[in-house]
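Structures for review follow.
You will see two complexes here that share chain A, one where it goes with chain B and one where it goes with chain C.
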Partner chain A sequence: MKTLIQSKFIAALVGAALMLYAQVSAAPFAQPNWAAAATSQYVPGEVLVKFKPAAVALVRTASVAALGHTILAHLEQPGWTHVKLAAGQSVTEALVAYQNDPNVEYAQPNYIYHTAAVPSDPQYAQLWAFKNTGQTVGTFPPNIGTAGDDMNIERAWDHITDCSSVVVAVVDSGVNYTQEDLAANMWNGGSSFPNHGKDFVDNDLDPMDLNGHGTHVAGIIGAAGNNAKGTTGVCWMASIMAVRVLNAMGSGTTANITQGINFAVTYGAKVINMSLGSGGAFDQIFSDAITTARNSDVVVVVSAGNSTSDNDVTAHYPCNFTQLNLVCVAALDQNYALASFSNWGATSVDVGAPGTNILSTWAGAEGTIADNFNTTGVLNWTTSGGGWTYGQRTVSGTLFDFLLDPGTFPSGAYVNNADNRVYKTFNLSGFNAATLNFRMQLAIPLGDSLNLNYRNSGGDPFAGGIQLNGGSGSTGGFIAPFSFDLSPCISVACSVGFQLVSDATSAPAGSGAGILRFSIDTLTINTSSYNTISGTSMATPEVAGLAMMLRAYNPQYTYADTVGAIKNGGRSVAALAGKTTTGKAVDVMSSLAYINPPTGLMATVQ
Partner chain B sequence: MKIRLAAVVLIALALAGCGGGGGGGSSPPPVTNHTVTLAWAPNHEKGVNSAGGGYQVAISGQPTINVPYVSGLTAPTSTVTTLSTGTYTVTVRAYAALDAQGGSAGSLSAPSQSLIVNVP
Partner chain C sequence: MRCWRRGQRIGLVMAAAGLVAGSACSQTPSDPAPKPMDLSSRQTRVPGEYLVTLVAGADVKAIADLYGRYGIKGTQDLGRNLFLVRLTEDPGPAKLEELRGQNAQIKAVQPNFVYRGNGRGNIQ
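The block that comes next holds the complex of A and B.
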């Protein structure tokens, strides 16, 4: 990454180092010369010397020989000679000697230049988190950024891009381990466990992602870099362990998540990313799992949440757990303001990281099968028992197609002793995952029920089908969203239906159901999909990736060292002041250069 | 300026002479030199434990001691010095060649927790 401008800076640095060297010679250790020892920017044992025009070849040779040096080459640049120093002599000493030689006009180190560490990945220009040029990315506002508001990562790539020595567990919806930018960077488990991870949703050894979220997270951490494909992760080479604890809809349970954490710890992960959370009560077993990770020296990076709320007021777990191996991350937008959705917490959220319009790997191609229940105004679903009809209602000024029982809903009521069924068959063959989505206004009194079933062989889903949900209930006069995992129904003929069952007691006026915006979202796994999305879920893996890089660069790092470097190495950002424990956004290069204060100082007086 | 300094030196010598020749008062405790070994836990940064890295030991009223990396897996984590009777505050900082801009201007840690050393 060094540029010509930087080389001037380094030349100035060498000058400063020479001055320091003189001070140290006069008063040893009064000013410890830790900068002067930094010789990695030029070739040790060599200098370049420019002799004055009057210094003929014989004079040049004599000057060099007098210092015990040898001439490697006379360079094409007039007057310049490439010189090899005597064994054990430093470049600094040689430069002083040549500067005192009256035949010499100038002398300098033989600097080392590096290729600019910008990867070849074709979509790199959209990764504003790594290089914010003020580019336009995605659609989440504001989608035009401020140049320089990024993670300062390119300089770090001059020092490390291979972090494969550190296993990072993505505890999420799984990972598409066949994705073109991830396949080479997946954990392989070794001979005792030759898998990419584990699936605690289906309880098998295939952690394939049926949602996309986990694959997106994995790509932010470690999509293969400089491979002329797609994007790059925080590190170009990584070891990503896929731990599936969230289903196709992105939901999971305490039981699955804690099993996933323990699996990751047992199989050697040193960083765990959990872009998940809940605003529920304190979860003891979840907390215990974080403690287990801490006791095994594992850093756990979690998201602050997306509800625009203060976690100090309304706790959000796992963010609000207090173990010292935990780092909780808020999301910043492209101008380094707190993202409009991001939670915060002056005592519970630690750092911020880019979290809007983040481009990364995806599990596959997505599709939507939408259904509006009618053909030219006539219900086109199969019915039995009557009751269900097609109708239209205006909601907030917009006309929507509805599936209704009774047809007068939300006025009137359905009949007694009803068994009203309505269903339709969909072809879901070829898809890897399917999610059923609809919105509904519901008012079903106790004793009656509304059932939702599917059947993967078509026909009436209430005859030998599987129930997704059922019973009485009310949405309180509002229209509410509902989602269900329909993946088990994937087949050529997947029938989905609603059944309204009533007893002999009359339901009050206003009882019934109205369903709208019915759709089935599908996912077809492939190897080449990418997606741009926003969330603290996206900010979290930026930090987990940094934790991975720090532990790879400093193999002796403990969780405490790593967390210290992340928190203290960050860049102060006004939007995070009073909103996080540090007031800082992560800064990769600064964290890489950060040095934790020494500990354990003791004295023995004799 | 030189005259003033000389006067101070003369006064100091005179006072020392009075103290040495006086009788009847209690004598100040003798000032003695002691060997003091300072040790700390190794830092885990690669840069501290490689060329250009090391530690600085700061002792109140004394020149800073440089403890550079020399060879092997870690930089030295102790130093031996001589201190005379008194109370000293000691801190250690770690350093490395890499700086926060990715160059080699160097980085320095914050000081360790300070240690009070009483030399009898």
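The block that comes next holds the complex of A and C.
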């Protein structure tokens, strides 16, 4: 109770002074004063004294004067006096003196209170990465956190929330630049880039996100804060450049990505976020693009990967590139354990950041058109040439609906000289993106082929349609997932079909195809969608946002200063020891307070 | 006996799923041994697509001179002497690298690798 009363009391008494001090305290954040400003708990040279009720004004004045102090104010709370100490006298000395004064009931320092920079965004309480209260968020386990396991960002917001002076490029699946929490924080590309970036997938000037991934990343970095909408990013105000290098299915190539990096560097980005990767071979051209970025003083933040593997053993690029402007990020869960999917690497992964159940902006509304090929057990797709039938098979103990040719597959074989077609028409009007997904077991020998076509006017897709894929091959007796971008087929009548073509040579037993779990996933762009997802992709923009904040707060910072502050300012986390180069999770306030050692100084010793 | 083989285009999606064609036939360099499905290893390059770096001042015609034997479907100038080349036939990265030494105007050739976003909605 005493503490509560005291807090309210102090707030009432010295509120104006504290607000003033809060303002003033931001100014000393010029680096030389950082340490003192960050640790000071009360105003030097001042105390607050409560005299006993019997101590009349004359007695109070005498007591203060006897110590060489002066009265700054008689506060409105009865008995309390705001006192300025004599030059050179410490607060501790003054408190001892007043405690020994029989007229004094109580004395205390004039404590410093900082404004609690908590944004007004209605879903802020879900952002455990910024403020972990042990809240329950999302569904990825464990989805209940440990209070305090967060990025320590709120204190940093007392000093900087506007990072719009630093351009950050989201090199990803694009960004929904109309999203309500992003529109105000997009990069101004002028008349040359009216949609805030560029698309290197379709090679045009519209980097609209047809996947969602890039919009999510952008929101983590810089969703508009304190705007009473949705969420907030690491910075409340930002300048986000949208660079589309991943297609609607979330994949892109060396050619896409390196063009995107070079664009970002050319047009002034100082931080690049790349929440992408591959477990493939060393990619020289990609590496060269990172080097180009380094030579232009650009920080590049990348993800460690989601394979639960050691990147030191199995390289994951770009994480494993070694340029000094590169920061590779692992994902932490809500209890600051390494996320169950996250890659790590004692020499290749640098830091950890929150990466599970991360709520952020999304490109639009998602839907699924699922099809199980049948109506009451009868194939409900159109066929020609025979062959295709509906059937059920048990896979790993679960019964699934299958589209089969031959109907006995995986036993038997289809007939010679076949042209077996099966297709169905779907209404995809109104959608902005569509992805075709299914699983398939396949065994088509050389000379025969299985073709997958679509036609955006309906009807037989093998008569004037477009081929998505085709040829012979085998899944080796396994069922494998397949995905295709069906966006070009968006129309009121999009037909999709499979065609099995055979020659005059008999196929061996076991030849054919079995298709299951057929669906079309759709995306309708809007301005108000959000999503909670997990991945090292989500941890990465937490760090890119920090890099942006550091460079905005310290405009003179080089890439080396920025990377140094991120790594050295982190908080040691047991789960990252031996798993990353630093053993640390990012800590925004500590990185902001971190003072890079001066370099290039010369001294003459006499 | 007829062999299973990766089809020219269906092979792309087989690789995307981390699959290699199973076969009872003898193994050849272009027909690797069957492997069980491994969804963690996915397609790492675009079949038939290569990134060719020319030496400064070289004529882009050098690309067709060297790799035209595989049929060039298209060439895209990516800047900085870098070109994306789409071939009709795909002899594989090793063969293209081997040929590179025959033309001093070609500085480097490599696959057009595939990368994916590292965010997932429902990691299991």
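Assume the second predicted complex is superposed on the first by the 482 of 606 C-alpha atoms of A that agree within 3 Å, B and C clash if a C-alpha of one lies under 4 Å from a C-alpha of the other, contacts with A are read in each partner's own complex, and residues count from 1 in each chain.
One rule holds for everything that comes next: a contact is a pair of C-beta atoms (placed from the backbone, for glycine too) under 8 Å apart; a residue touches a chain by one contact, two chains touch by 3 or more.
As the structure is a prediction and not an experimental result, all values here were calculated from the model.
Shared-chain residue A:Thr505: touches chain C; no touch with chain B. In the overlay built on the shared chain, the residue A:Asn554 is in contact with chain B alone; chain C does not reach it. Once the two complexes are laid over each other on the shared chain, residue contacts for A:Pro445 go to chain C alone; chain B is not touched.
Counting residues of chain A touched by each partner, chain B versus chain C, the larger count belongs to C. In the superposition on chain A, A:Val378 contacts neither chain B nor chain C.
By the touch criterion stated above, A:His213 is placed in contact with chain C alone, chain B being left untouched. Look at A:Ala255: by the touch rule set out above, it reaches chain C but stays clear of chain B.
Here chain A touches chain B in the complex through residues 1-2, 6, 9-10, 13, 27-35, 37-41, 155-156, 158-159, 553-558, 561, 569, 587, 589-590, 592-606, going by the rule given at the top. By the touch criterion given at the top, residues 139-140, 172-173, 211, 213-214, 216-217, 246, 250-255, 257-259, 262, 275-281, 283-286, 303-307, 309, 317, 340-341, 442-447, 449-450, 467, 469-483, 505, 507-508, 531, 533-538, 540 of chain A touch chain C in their complex. Residues 34-41, 43-49, 51-56, 63-66, 68, 83, 90-113, 115, 117-120 of chain B are the ones touching chain A in the complex.
The touching residues of chain C, counted against chain A in their complex, run 1-14, 16-23, 34-37, 39-42, 44-46, 49, 51, 53, 76, 78-80, 82, 84, 108, 110-123.
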